[in-house]
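Once you scroll down, you'll see the structures, which are given as structure tokens.
Both complexes shown next keep chain A, but they swap its partner, so chain B is in the first and chain C is in the second.
The block that comes next holds the complex of A and B.
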């Protein structure tokens, strides 16, 4: 798309590219603005960029600086040290929490993508009319309150919740099943359910793009449906699978609501620990350090994942 | 899968899977209104009978009303500002030769994929270092960061999709840039604008994690709901409140996606690229 736009802009008659512009040395800002497209573009963008800078870049820099400070009673000791990072590296609780967070979101990601793939496949290949209706139906719950959807799962999985009380009134079990709520499984189920739309959309887009004649060619050349799927459809939809994995894994590692409502002590994740540092424990520098460490881990895993999938794709091709 | 099945043939097992998928997707959300009308303080089967008492109780609860109006105010402000900024950004991105355009779009889309808690604490640290007291204004700032990517993702395909020669024709016929925008560009991107307003309002109205860190003494509705979850005896009226939120937000979202339906598939591509 960007290339197409570039071409469009370059050849449009009313906006000659800057290189071919007649150089008028009036020195007036208005003329400069009128002539220089880049400048006008950035000027138009400037309010948006200003908000994003105030909201993202500056806070991140301050968060980074804060992570090198330490707490002194109710104040900060502003000498830069690696104390917090050393603590994160040496005390096992931090490593365990990080590993658990990454594990939970990893499992949730794989579950979501695996469960959503057939659905996206169905809409892309088997729905002929009202495709848009199906897509809206699938993505609609995603736009409703995340808090309420997680809360709904608490109602379902609770000790006296929907599943337990239904099973008891049916006479299938005597006492409520305790493992349903406050466990890693509860967190994984809820995350997989809540983030389904993030998997469906990229999967659908990549499946929809596949040239159907390739599938017919595979069939004509003697591939059965299974062989065709693994040799043509799946490899061609890999970009969608990769995008879906990223879109779910990265935000869920830092999730707060789901583990807080459904995790219990066993399902607590790094997001809850960060909140505790900024809340009850009141050790902001430590919270900042944990946020930075989480970001670094996410980046590292994302890079490794990209590298591995790229290598795998090269081998297939 | 049978060996004889062909591309065009309907796949029975896949149809069943799709039906089950949709049921499971909607079931949790539908349970909330079911129990909101149940005549029992406990959220469990068997159902006891129909009642509207939880809604009546909710109606008489002043803090819930305050939180509701706070959320409406923040939501409207965020929707208008982020949509205006989205229009401006989308126009700049599509109409001018800007070096670093891809990097810019990636930058704007960043909040979509970074854990919200990190943005929340980062903004909290900035505001407290600057000595800004937490209030609905700080929540609004936080929500702007969350909503801007959605506004841009909804509007960008609209600006990319329409014929530029219309704008040029308007310019040739003597309209200046300002009137060209209002009389040609704006009507053509209008569906995207409506979609963006509705989406950003709903996102802000439902947003929890930013508000959790940035709220002062005035809670937004999700923060109020969160504070009530600790008390089991409040469960039924919270279920009533949740049903109302879902009842009003689902049609809003439906209209938003329907009106800006070009934006749906495009925006997912946009995020996939970033």
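The block that comes next holds the complex of A and C.
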């Protein structure tokens, strides 16, 4: 009897036979979105895209145009010219400043990544429980403002700071060490500390992703811990290393707070110079030119860096 | 197998993880060139034992000897064993050639010789011309073969395989089983193979160790395990089995008789077991050891029953038959020899039929 009932409902007049099913209604926009994957992608991106256009691309264009202007007294001469670029290329002060900036942030980047790698490695491979807590603890310095951290280092490295007074009271030195503060080293130490979290997080993510059985496989195939690190762990964490390097190198090259507070005359960087151009000197076109030149240098270095790491990765295998 | 001829010798080995005893006093010997399987359900300790052979886990107690050498002081990268991992662990940043040549670096061979060896391996695993493929361009079966080649190129004394066929689909798995067996015969390396698939273990192995709860229940050849299991656990883990309660009756005669529930008296030669009069035993009979017929067969041991259920499986049919004196129906698996079996699906419930068996098909076990 239930079977008969079932058969009846299946062929009841309210259910049209399969051939005459009502058409499924879809809106035109829905259809378009369903068919066009690119469009869907753009739609998803649109808020970001809008912010990027307004916040980055338009200012960048303004900066670019500005860099081809020149300053005439208190006015800007809006005729487009390469004068500023010629000055940057010919006057040695710009080159020296740029080279020093790239050097300082390059050393700071390498120092930071080298110091953070073991920490990230430890959390990824040796911490079993509460990994999140470890990561939060590591990024704890980031909970205070950048400026405060820089001042903290000033207190530590200063003429009568923590290190100097400690060393004097221990009797290891007679007079305070002067190179600690207002030097390139001071800038490098401060930058390395201030940007540590930017290195640890990408390094941790890339190390955490490494399949543990790959490490066992390398051991099984005869690699000791050192060989295994250079042949498997490091190459597989390379995306994290590259990301960490970029995340630190790019912002630190243009940084002006740390060099201004801790750098002294020797530690002055291009960022300070650009800030001065836009500020007291009131030579916006020159500041814009320097910003563009700095950007081009960073791009060039980034490309070379990417190329070299890729080659090295192929070689190491 | 005597201790002296053993190539791998596991001596009273235990492994504790905290308070959990993963391996409980296991001893076994594996001969050189043998295809040896560790078989058991997940969590039985088989993978732990394999990882102890590889050196990834230390032994809490006992010692493992390979080629006469105690292994506990030897770190994994110095052991004369190589492993094929369950997920194959192919290095994603290297191509096929560099994956296979990975372990050769230590031998400091000239580049040309290394290439030559890799090409030989690719030939052996039937993937010639795959050297420059990226790891992510490989199918599951190809990855499995490359993991195999990567280990075999080092000519290890022992190859450890951790469920290497588990991730493959049925057809590919059966093909790889045959290839693996052929390869093992060709290279002559001792294989220790971990699997939870009893059919796979039976197909591939020279000998099998059945494991449960960290202990080894029985070590025997596939036929030995199947035909004369030493316990109910082994009997029911490998294939299907019908168990009957029985009692030994000795009337001074040479052969004992086992009074078996539902099946009556079955004579058993003394050579098969030695138990006193009145001892309780279990009689075990595989489903395919029964013959089934609609009429009374011309056999010494036969019993009449009624059909409870049946299923047609193509080459064979399964019947569930209730007999008097036993609550649980007997499982019978019959090859598709005749019309009666072929029509398995169409026999009505309670159809009377006859079961027969030969007395040497029975296995006598201690009661649980």
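Here is the rule we go by: the second predicted complex is superposed on the first by the 260 of 317 C-alpha atoms of A that agree within 3 Å, B and C clash if a C-alpha of one lies under 4 Å from a C-alpha of the other, contacts with A are read in each partner's own complex, and residues count from 1 in each chain.
The rule is short, and it goes like this: a residue touches a chain if its C-beta (ideal position, glycine included) is under 8 Å from a C-beta of that chain, and two chains touch if they have at least 3 such contacts.
All values reported here derive from a predicted model rather than from experimental measurement.
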item	value
Contacts of A:100 with chain B and chain C, given as first, second, both or neither	neither
Chain C versus chain B, contacts on chain A by residue	B
Touching partner for A:119 - first (chain B), second (chain C), both, neither	first
Touched partner set for A:211, first chain B, second chain C, both or neither	second
Touching partner for A:235 - first (chain B), second (chain C), both, neither	second
Contacts of A:221 with chain B and chain C, given as first, second, both or neither	second
First, second, both or neither for A:184, with chain B first and chain C second	neither
Which of chain B and chain C A:51 touches, first, second, both or neither	first
Contact residues of chain A, present in both the chain B and the chain C interface	216, 219, 224
Touch list for chain C against partner chain A, complex	54, 56, 76-78, 81-83, 85-87, 89, 91-94, 98, 102-103, 105-106, 150-151, 154
Chain C partner contacts - residues on chain A that touch it in the complex	211, 213-214, 216-224, 227, 231-232, 235-236, 313, 317
Residues of chain B that touch chain A when the two form their complex	1-3, 5-7, 10-11, 14-15, 17-18, 21-22, 24-26, 28-29, 31-32, 35, 42-46, 85-86, 88-89, 91-99, 101-102, 104, 107-108, 110-119, 121-126, 129, 141-142, 144-145, 148, 152, 160, 164, 168, 171, 199, 202-203, 205-206, 208-209, 212-213, 222, 225-226, 229, 238-239, 242, 245-246, 249-250, 253-254, 256-258, 261, 264-265, 268-269, 271-272
Contacting residues of chain A [partner chain B, same complex]	1-2, 5-6, 8-10, 12-15, 17-18, 37-38, 40-42, 44-45, 47-49, 51-52, 54-56, 58-60, 62-63, 66, 115, 118-119, 121-123, 125-126, 132, 135-141, 143-149, 151-153, 155-156, 158, 160-162, 164-166, 169, 193, 196, 201-202, 204-205, 208, 212, 215-216, 219, 224-226, 239-240, 243, 246-247, 250-257, 261, 271, 274-275, 278, 284, 287-288, 291, 294-295, 298
